[in-house]
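Encoded as structure tokens, here's the structure I'll be asking about.
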Amino acid sequence: MKQLELHNLKVSYGGRTVLQVERAFFQQGRFYGVVGPSGSGKSTLLRILNLLERPLSGRLNFFGTEIDLAHLTYKKGIPIQRQMGYVAQKPAMFQTSVYDNVALGLRYRGVDKKTIRRLVMEALEQVELAHLADQRADTLSGGEAQRIALARALVCEPTLLLLDEPTASLDPYNITIFERVVQTFHREKQTTILMVTHNLPQARRLAQTCLFVFQGEIVETAETDTFFNRPASPMLQDFVMGRMIC
Amino acid sequence: MTADVTEVILLSLKVTTASVLIGVLIGVPLGALLGLSSFPGKQLLVAVIFTLMGLPPVLVGVIVYLLLSRYGPLGSLDLLFTPEAMIIAQVVLVTPILAGLSLTAVHAKERSYWETAKSLGATPFQLMLTILREARGGIWAGVATAYGRAISEVGAVMLVGGNIEHHTRVMTTAIILETRTGNFSAGLQLGLVLMAISFLFNSFLMLGMLKQMKTGRRYSS
Amino acid sequence: MKRLFAFPLAILLISSLFIAACSLSNRTVDAKPQADAEAQENATPQEITLATTTSTQDSGLLDYLLPVFEEKTGIKVKVVAVGTGQAIKLGEDGNADVLLVHSRAAEDEFVEKGYGINAHDVMYNQFLIVGPAADPAGIRQTSSATEAFKQIADKQAAFISRGDDSGTDKKEKSIWKEAGITPEGSWYISAGQGMGETLRMADEKQAYTLTDEATFLSSKLNLEVLVQGDKTLFNPYGIIQVKSSRKQEEGLKLIQFFTGEEGQKLIGEFGKETYGKGLFVPDARAR
């Protein structure tokens, strides 16, 4: 079974080390929840994986392809980039129609018009926003925008899906739709998913394995059940119990 | 001294449109590239562009004149006192403006747009196009500014064009001539036409910017 | 909402400019009579106004001559330099006391109509036909200006015209007329600029042009004098006293100075130091 492997990752901002991972493995097709206090480096981990930032050092084995993250050029990274999908906490909507936003990734990949039409409308229906296809994307409400961002990422059928607190500012209705779509996608496509969340019940609902990131390090990794019910490290215990002061 | 007014207006439009078009082809990608990338010496290049934005037009005229003069390095091209020379001078004038304002427009677009495009798998070229499209409001502002500057410019085009009847006489140089010969009303009439055209382009600018302002992002969750 | 604002604003601006245009289209000269008349009333009795052309003023002759006159007579001379047409008009309106211009037909008309008295020839300067040393139209041997122009038109050699209705431009047009030619074609370049710029253009294009001597001598060019001396190229100046002037005595004194021995001598000497030859030929004569 192919894996996603991280080795010797070190990320620094202005002399301060924000993330340090000696070794980390992610199994293909598994749903990972990433939790931890604010500022612990969770988002950084996702951004590094999504090649949005360059670490000081780090090697990534992307399901068989070796990459030196510290010296990867934009161009060289594109094939890997195109196998990933990313949904930010506050996604950027381009000043064009919802349809165009969702179609963007496919257009970058040179997919033909007919296929784009089919895939985009399918994705929009999945997130229950097909009726908004022609609306300007920058006039959407928060919940709608998030769902569109999800559709936009999923329509390219990524092997690795990265979600950075995607439902943090959504109401329960939108959260439900969002989670349902993600779960369906995971089940049908066997995508590897890394989801950063502060919503611990959500992590329990969706993730198979959870990671606890604390002060720039992955302190504990365990299957969800064990993670929440029998946390090994005292820090995780505090965190899970809501006792962690940060 | 009432020259063929239509001829003069058309030449103004031709010269300015050609110059702005060329300026856009050079300046906008340049500005976008600078707005998006970082490399050693970038700060210096940006500073140079912003300085060039403030180039006095008449100085550009003198420099181009000296280059194209028969006693200058490019004299053999025989370009002095032709519409082509005027276009050259205006291209030198508007390209920094277009580069600088495109740079600013692209830069103003938050990093998240850049990152979203990248995470969707854009090639560097696709990325630039996407960001340019996002920043189109600011870029249109740049084009309107450049057009206004070029069409009302008089010093450089007078020097390198020569105000030759039927050949290099544009609205601005014609106004100078009419005024010199005492035909103030003719000069003012031409001036009004010039203003009307400037107004036209600035309304494009206004409409473009209004559109931008109207559709801000509303996250009304 | 802002869109609605723009158009009324635009219309307001444009209409205000129209109003300005209409009021300005009456020459600014007409707006001055009131002011000038009053000024003359209140001016010190020892001050007169001399209306002349820009090229006369630009030659520097007046800056050279007038201080001598002022010292001698104690009369201050205020010089107003405008186009020939405008100078004559100043005389007609009584806004000048003396005219010094170089447009014989207009001068004669001025006197005939009763506006001017005591008209005198005072001096003349020359126009030159200059061009490239290579002289493609072969006019160097010609002594006649009209002949030279004919040859230039024949060979379609590049010729730069002032094209701005100035004195020089009018002279050029009159030569074409005498040669019976209407100059047109890509060889005839109407520049619409001053003498200096026109000469520069001729230099750049190595073309022919008509120029006054003073401007030519003071420019560094790769052009040669090819035709001069033809009577047609003479540019005679006339000095006329304005009949309606209130400064009859002072005006007459100025004319006497210009046409008298001392003035004539100074006129002949002007320019010798700088250019090696005098720019004007003294030629005083009563008319």
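Each chain gets a letter, A, B and C, in the order it is written, and its residues are counted from 1.
We take it that contacts are C-beta pairs under 8 Å (C-beta built on N, C-alpha and C of every residue); 3 or more make two chains touch, one makes a residue touch a chain.
A quick note: this is a predicted structure, and the numbers were derived from the prediction, not measured.
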Components of the interchain contact network lacking chain B: A | C
Chain whose Cα centroid lies at the greatest distance from that of chain A: C
Per-chain CA centroid nearest to the all-protein CA mean: B
Separation of mean Cα positions, chain C and chain B [Å, integer]: 40
Distance between the centres, which are taken as Cα means, of chain B and chain A, whole angstrom: 44
Distance from chain C to chain A - Cα centre to Cα centre, in angstrom: 83
Interface residues, chain C side, partner chain B - complex: 2-3, 6, 10, 13-14, 17-18, 20-22, 24-25, 27-28, 83, 85-86, 163-166, 189-194, 197, 201, 204-206
Chain B residues touching chain C - in the complex, by the definition given at the top: 1, 69-70, 80-81, 158, 162-167, 169, 173-174, 177, 180-182, 184-185, 188-189, 191-192, 195-196, 199, 203, 206-207, 210
Complex contact set, residues of chain B against chain A: 110, 112-113, 115-124, 126, 130, 133-134, 215-221
Chain A - residues contacting chain B, complex: 50-52, 74-75, 78, 81-82, 84-86, 88, 90-96, 104-105, 108-109, 136, 138-143, 145, 152-153, 156, 169-171
